Structure formats: structure tokens, C-alpha cells
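Sending over a structure as C-alpha cells; questions will come in a sec.
Per-chain residue numbering starts at 1, and chain names A, B, C and D are given in the order in which the chains are listed.
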Amino acid sequence: MKKRWLLFTVVLSFVFVMGFQPTVGSAEMKKIHFGYLVADQIHNFASMIIKEKKLFKAEGLEVEWGEYLAGAYVMQHLAAGEVDFATCGVIPTMITRGRGVDVVVIAGSNTEGSSIIVKESIKTVKDLDGAKIGTPGIGSIQDAMVDIVARKHNIKIIHKHMSVPDMPIYLKKGEIDGFIAWSPHNTKAAALGYGHILLTSHDILPGHQCCVLVTRGELIRKEPETVKKVMRAYMKAFQYEMASKKNHDETLEMVVKYTNAPKEVVVKAWALTPHPYPPYLNIESAKFQAEGLLKGGKIKRGVITNMDKFIAQLYHPYFLLDYLRNMK
Amino acid sequence: MTNNYAEKMKTMGLNFFTLAMVLVLWTLIAYWQKSPFFATPYDIVLGFVQMVTVGDVEGYRLWSHMLHSLVRVSAGFAAACLVGIPGGLLLGLYPKIYDRTRILVEPIRFISPIAWIPMAIVLLVGFSRYIFVIWVASFFPIFVSTLWSVRQVNAVYVNVARVAGASRLFIIRKIIFPSILPSVIGGMRISLGISWMCIVAAEMIGGQMVGIGRLILKSAMVTRMDLVVVGMISIGFVGYATNELIIFIEKRIFRWRAAVSIE
Amino acid sequence: MANDKNAGSGKLGTFGYNALALSIFILLWTIVSWISESLFLPTPWTVLKSFLDLCTYGDVEGISLGMHIFKSTLRIFAGFVAACILGIPLGILMGLYPRVYDSTKSVIEPIRFIPPVAWIPLVIVLLVGFSRYAFIIWLGAFFPIFIGTLLSVRSVNPTHIDVPRSFGAKRLYIIRKIVIPSTLPDIFTGMRVGMGIGWDCIMAAEMIGGENEGLGVMILKYAELIRIEDIMVGMIVIGAIGFFINEIFIFVERRVFKWKEAIVIS
Amino acid sequence: MERELIDVDMSMKFDNLSVLEDIKFKVHENEFLVIVGPTGCGKTTLARLLGGLSKPSSGHVTIAGEDVNPKIHNVSFVFQEPSCIPWLTIWDDISMGLEIKGNNPQTAETKARIKEVIKLVGLDGFEEYFPKQISGGMKQRVAIARAYATKPDFLLMDEPFGHLDAQTRYLMQIEIMRIWEREKKTVAYITNNIEEAVYLATRIIVLSKLPARIKAEHSINLPRPRDLTGPDFLRIRAEITEQCEVVG
């Protein structure tokens, strides 16, 4: 009967492993985990400036930086309680919120900044009918924008998901007819002569929300002081870039270094994104995008019954407004 | 002896020749591609020098990437050994347990480590994720080779001990364990190879800046193909070196065995 | 084999016990996910529902589970066949002429240890379309087949070769009658292992992007939407198909190589 | 004395190691020549040279005046190691030699020959068995049958019963004598067992230890079947034993 006990022990340890859940958050938080996306510095230059200028340290915060390949990964880590603050797209944030995870947007990061690049033979939007367009994946705003274009012009566009840096290669090899990507990859492809910009995200969704600053709801309730400090560092970084031409040029150099893109490409790419970015969340745009997610089944139907309530839970501008008020 | 030495030198020379051929071919392809997405051997050498002297964008050098990856791989591999060897021994001694739960255990073998990543991210935390992903990949070779070698221990040896009135524990310690050791170590070698191969998969779990897999993924994101290749070559080289090392040790320890496979 | 004595009744018993183990596991899983109430630990029933939904309605883009399975299997099959076509003759050749292998070892061996995922950036630049997937699977499946064949050729019993040689047989006859039949079981084992690793590489291959179908693509899609239950469906399907293919290989192996003393599964 | 068939006059070296030195002898037609020597004296090397499986480093091994070559000459070899091919049935294994010598294994003639040798070695009824299903003695009989099937002009046996137990070995010796008496063949039989040598041989060549030289030669004219305990038998056996041991 030993065997049975062995089996029992094995099963029990299995249960233990499966049931293991991370315990999160200590009472005294001095150290924060901040996540950002690889090569996404044009959209989220603030995190890069904070890093380079050690702005968190100035606020008395110790920081551990985390680098991620996509917003979805950032969200998984946020949900697991490992990342405390992050800059990434609003779409993955809303998808995660739609799964019932308490993630909260505390400030906007940038608007617009993506564009559709197509091969030379495509001249007008109508030509996109039946075209294969590369998108960064199902959970991205760019994917949603392709749908919006298709709906608006009543055409059919075939989506092809792929990693953004690969898109120019696919376009060059003729495997796709075009792609939609964020800066500077789109500008880079255009500079290499692989295609031309057909539509910018400004043409598709004027002033649409792209990236945001996110945190866990729990931190807002338990660690308001920390959130305040993070907000201060974040906004200071924002303002640093805008303060002078010199600062702007310095930031430009940083972007060149982090994204490994040629300088003229970065300059062009930056010109395509409206500037300065408003630090607020564009609520109308967020609502519109959430509707799209519901329609596409990316947020399960029935999860959002009241859109205003959903957005109100998602967006928590208190700390941002608090900072802006004190600044004046 | 002199003959042997000449033979060795010749083999080495031919190896260098092959390597040179590959480099030439590579240069030609790079030349023909003329693409910023394909690095020439020269770029790679420069990239290597950069990684050794300056480091990547964040200033992490090659050795620190390697060190971090090695720590993760060793931890995952150690976990695989800790679970795999006793587990294999146990289920080998009680084959019925394995036969009756096979349907649970076996399919897990075929789920690729990358597929576990989303689950690992949400269910585990920090370092344990790396351990888990590498464990999933490297557990099975070691577990299965232990299990099967226990099942195939020569019954004569066991009977010799049993006739002498040995206790069960004695038989396990003195007969079964020594006779399965070679195949356990063989399994460990395969496991180590696989766990090292999973480092890129494991380091797709984000949040860490260092690690050889991270270097590859990150460099691919910013189209630094030279650094991607530097990372690939580093992984290939370290994997090859550890494998050769274990084969060397194996040959030393198990001289009594007729042949050691190099799979 | 150990349990041949009661093979008749034992077989059904083993099957029954396997079913029992499976149901106990599902029960435990239900209880654990029920207690933990975690969003990320769905109950087996949620997973089952997702499975049914995927079968009937397809995924978020309307692609059915069957289509995903079909595409992945096709890719695996192509890569696997390529690995066999290249690995077996090359293994036999390099086994017969060890010189060739010894002189190219410094190039071949390190490649073995480069993970398939790491190849993706290069593969995207150098290859096109379907061949990319086949290449990644090929990378995984090639080495077990190649190395298995090579070692097996090297370890053909020399006496078995001397037998036809003593009658004055030609080289080709010896290869055909002795070397190949003797290595065949090892080639087959290599193929089985290669197929297993090929399945392991499916996720890596399907990270290439550009295609919206495939089990790996499906998992990645749902990873973006943080829908663990759908990810689990993908994982279970991959595991189950790999398991069954492996079992078929073992079954065939036992049938074909009746002359073998014992077949070791590893 | 019958015609000389094989002429040996050679030396063999591996790198700097001299194995066989000045080996010089002839084999006559229909003779049962036994070569004895202490363990590790290069007997197997000699057998392989006689069978044309390797070439001497100097000198020659000729058969009917030509360098021995299994592709030309009809020689057969029975190996010391178990040599049954595991994936061939007994029938297929025995037919292999015939097939290599250019006989279509499907013809009635070939089939009849295979049946004949199977009967000769007493393996009737085991045609479809695989080697793993039969005993060690039977496997060795398969090897002998395979060698006999081609009706070789010259049959080489390299310690064919070395791996068998004493009793099986004894039975196999009787068997081999029975077969040889029925199908007279030129045989070179290599062994380290002196009793076996005296029992089987018409002539014995004694080798010294490494590097092997021819130590002595004996013609054995005892009547068959030989009595293992007869005085003449014991005398010859003692004499050869002494020659072997004095050197070895």
C-alpha cells in the first residue's frame, strides 16, 4: 500500500505547485518596477528621459527597469503583480481591464504616431481592397485601425500579424502589400525606399490615444505617495523635452541610440507625431477603441455593460491633475 | 604517436577550412542581399568587439549576458535533475504507477516551452518563471532515461544481491544506482543541451535586461542583426563546449563501459 | 518487457487506470481553480467551453481550431520530411566516411545548440513564406535524425559487415543489405525523437509571423488577449497530437523491428 | 598428397607492431588443416589474411597462383564472433552467400541447395526464425551452413566454437567432422584448443606467441572417428601442448 501513499504525495505536491500564487506588495515600498517597450522611445520618450536623467532617484525612489517586447507582455506582468508602472498602448490596457484585472491608466503618453506604409502600386485607399497588410498583432491599436479603415471605405483588408521590425522585410519581399506600424519603423521603411506612407494614424483616427502610463489599482489605494512621486518624475521628463530646443535635440539623440534608427528617420518620424503630446487620456478615443475591441471579440461580449463606467474605472486622472494644479 | 598527431592536425586544418568556406559563403550572401537586415561577417566581428568592450545600449557586456543566462539555465537544469532523477527512479521501481498515469505525463513532453510562457508569467513570479520554463524543457530526457534504465537493470545483478539477503534499500543503493548512472548522466547531458537551447524561449519572459536570449530578442527589435548573430554564435559555442566537457567527463568516469554515445 | 505476464487483462487495466488518473487530475484541477478563484487559473470546464467555441465559431478572427491544427501539422510535416530527406542520407554518408564529419564538426556541432527561436530574424531575411516554417522545424528535427543515423552507421557490428565481405560482396551490396537494415531501427528512433522536437519547435516557428493560422499563432494571439483558457486549449491540443504521433511511432517500431532484442523508449 | 591449393608466404605488421613473421606454408586440396597457437598470437589476423579480408604487409597469400580475393575466388569464412545477421531469418541468412556469388535466391536450384545445407547442419524447421529466437549453438550452425552453401573451394574457420560451452562445442566438433566427411572441402581451421585440433586435423601447424612464427608442423594420421583418450591421441596432444606452452 506504499504505492498509494506515494501517489498521494505526488498528487499533493502537484496541487501545491499548481495552487501557488504570487503574493504581492509589501507595505513599505521604496523600490518600484517600471516596464517599457523595446524600441518604442518615440512614443514613450518620458521613460527614457527618466532613466537617463535618474529622475526617480531625485524623487527618492529606487527603480528596477523592465524591458518588454510588446504591450501584452507588460500587461501579463502587471497582472501577475510584478510590474508596478509601465508605459504601453491603451489597447492592451483595456483588453486586460476587460479580463477583470485591476489596471489603471493614470496619464496619457502620446497620441497618433502610427502610419500605413504600402508598396508603390497602391495609390489610394480604395486600392487597399484585398491587400495583405501586416499588423503588430491582434491586441494592438494598429490592428484595430486597419479594421477602421476597412469599415470606413467598405473594403476588405487581409491582416497578417508579425513582429514590427520584420515588417519592412516582408514588404520588400512582396509577401505583404503594406503594413501599419508605429514610429520609427514606418518612417524607416519609407526611408529605405520599400514603400510610401499612404495614411497616417492622424488620417484614420485624429487625435487617437496611443500609449499611456499604467499602474495597478491596488497601488493607487495603498501607495498614493509613491504614485504621486512617479507622476512627478514622469511629468518632469515630459516637460524636460519641451523646455528647450537643446533638450529636444538631446532627447532626439537618445532616441537614435535606443531605437538604433538613423537620425534623419527619427527626425522625420517625430515630425509625423503631433507635438507636444497632451498628458491626458483622450476619453472619446478610448471609448471608440473599446467599442472596436468589443465588436472584434477581443474583449468578450457582455463584459462591458456600461461604457462610461468602464472608462471611469480605467482612467484615474487624480494624480495627473494634482500635479498640474500644484505646478501652477 | 607522431602519426596520430599529424592526423589530428589535419582534421583541425580541415575544420578551419570548412569554417573559412562558411565565412566566404556568408560574405557572398551578405553582399548579394545588401540589406540592413543582414549582417556581414565583418559587422559581426565589430559587433562582437563592441559587446566585449563597450556592451549593448544599456552597457551590459557579453560576459554579463552569458553569466545571467548560465545562472538561469543552471537553476532550471538543477530543478530538472532534482525532480527527474528521483522521479525516474521511483517510477522505474514501480512501473505500474508510470503505466497508469502515462496519459497525464506524456503529452506534457510535446508542449513546447514557449507555449508555457503566458502561463508561467501569470502563475509564477520572478526567477521561478525561468526555472519553470527551462525545467519543462529539460525534465523529460533526464526523467525518461532514468526511468527506462531502472527498468532495464540486469536482473542477474539484482538477484545476486537478493540471494545474499540484501535489503531493498541496499539493492537500490549498491546495484540499481551504479548500473543506471551512465544512462542517467547521458540523460543529464541531453537535458543540459536542451535547457541551454531554451534560454531564448525562457528569456522571452520580459522584465530583465540581461541574458543572452534577451540580447538576441532586443537586438532583433532594433534591427541590430550583427548582435543577433553574436548572440547566436555565443549560445552555439557555449552549448557545444559544455557538451564536449560532459562527454569528456563521461569517458573518464565510465571507462568500464564499452562505448559512450555522443548524441 | 516487464509486464508481459498479464498482458491480456493488464492492458485494459492500464487503460482504465489511465482514465482514472485523468479524471482525478481534472477533479483536482477543478478544485484548485475553484479555491484560488484566480482569473488566470480557469476551471477545466471553462477550458472545455473554449475548446467547443473554438471548434464551432473559431477564434477572434473566425479561424476554426481545425484550420489551426491543419496548418501546424502541415508545417511540421514539411519540416520533418525535409529533415528525413537530408538527415538520413547525410548521416549514412558521414557515417561511412567519418572523415567528412570530423572535418566539418566545428561548423555542424555549434549549430545544434543554437535555439530555433534565435534563427527567426535570419530566417525572415533569407527565406520566404512557407519555407521559413519548414526551416525552423527542420532545424529541430534534423539533428536527432542525422546524429542518430550517423552514430548508428558508425556502430554497425563489424562482423556483420565481414560476413558478405568474406563472400566478396560489393560495397553497395553491403550498404544495402547490412548497413541500412542495421541502422534502420536507430533511424526510426531518430525520426521519432526528431518528430517530438519538431513539435516542440512549432511555437518557435509560428512566432515568425505573417500567417494567422496555426496552433502556435493561436496561442500567441490569445496570449495578447490574456485569455488563459484558450491558451490552454492550444497547449493541450499540441500536447495530445504530439503524444499520439509518438505512440504511433512506437507502435510501428515494435511491429517492424520484431527481430530487435528490446526497444528502448526514450 | 593432393594438389597444392593455397600458398602462403608473408609477414604482417600494424604500424610498428609485428604480428606475423615469415609465415610460410601451403594448404593442399581436401585437407583439414588446423592452425593452433596461444591466445593473442595473431590467429584472427592470419585468418583474415587467408580469407582475403586484409592484405599482408609483405609477401603473398595466393589461391591457385592468384592473390586471394573473395570477389574472384570461392572462399567462405566462419567467424569467431556470433555472425548471424539479426534482421535476417535463418533461410535468408544462409542464402546470402549464394546471392553474392550470383545465384538468384528464388530459383529452384538455389532453394534446393539451401534446403540441403539446412538439413546438413540439422536446422530443418527453423528456416523462418530470427537469430534472437535460437540458441548459441544453432547460431554457429547457421554460420557454418552459410559458409558451406556456396560449395567453397576453400573454407576458413576462425575459432568457430570459441564462444560455446564445452558440451555444445564437443557436439559441434562431431558435427563438423560429419559434414567435412560428406562434403570434402579444403579447410583451414584456426583454434587455441589443442584437443580440438588433434581431433579434427589432417595436419596441424603450431604458431608461437607474438610475433607469431611457425613453430612446428604435424601430420595426423589417426583413424576417424578419433578416440579422445587413445594413447596416440594423448601423445600427439601432449607434444603439441608442450610446443605451445614452452613458447607461450
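One rule holds for everything that comes next: a residue touches a chain if its C-beta (ideal position, glycine included) is under 8 Å from a C-beta of that chain, and two chains touch if they have at least 3 such contacts.
Worth saying up front: this structure is predicted, and the values here are computed from it rather than measured.
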{"item": "Chain A to chain C, fewest steps along touching chains", "value": "1"}
{"item": "Centre-of-Cα separation between chain C and chain B, whole angstrom", "value": "18"}
{"item": "Whole-Å separation of chain centres (CA-atom averages), chain C against chain D", "value": "49"}
{"item": "Approximate Å spacing (C-alpha centroids) for the pair chain A, chain D", "value": "83"}
{"item": "Centre-of-Cα separation between chain B and chain A, whole angstrom", "value": "35"}
{"item": "Two or more partner chains touched - positions in chain B", "value": "35, 37, 96, 118, 122-123, 204, 220"}
{"item": "Residues of chain A touching at least two other chains", "value": "21, 76, 79, 163, 169"}
{"item": "Shared interface positions of chain D, touching two or more other chains", "value": "none"}
{"item": "Chain-level touch network, classified as line, ring, star, complete or other", "value": "other"}
{"item": "Pairs of chains in contact (touch as defined earlier), listed by label", "value": "A-B, A-C, B-C, C-D"}
{"item": "Touching residues (chain side chain B, partner chain C) in the complex", "value": "11, 14-19, 22, 29, 33, 35, 37-38, 95-96, 99-104, 106-119, 122-123, 137, 141, 144-145, 148, 151-152, 187, 193, 196-201, 204, 213, 216, 220, 225, 228-229, 231-233, 235-240, 243, 259, 261-263"}
{"item": "Residue ranges of chain D in contact with chain C within the complex", "value": "51-53, 69-73, 75-77, 79, 81-83, 85-87, 96-97, 100-101, 130-132, 146, 150, 156"}
{"item": "Of chain B, residues touching chain A in the complex", "value": "35-37, 57, 90, 94, 96-97, 118, 121-126, 204-209, 214, 217-218, 220-224"}
{"item": "For the chain A and chain B complex, residues of the former touching the latter", "value": "3, 6-7, 20-22, 33, 35, 38-39, 65-69, 73-74, 76-77, 79-83, 163-165, 168-169, 172, 192, 257-261"}
{"item": "Residue ranges of chain C touching chain A (in the complex, touch as defined)", "value": "24, 28-29, 32, 35-36, 38-41, 60-61, 121, 124-125, 128-129, 207-212, 217, 220-221, 223-227"}
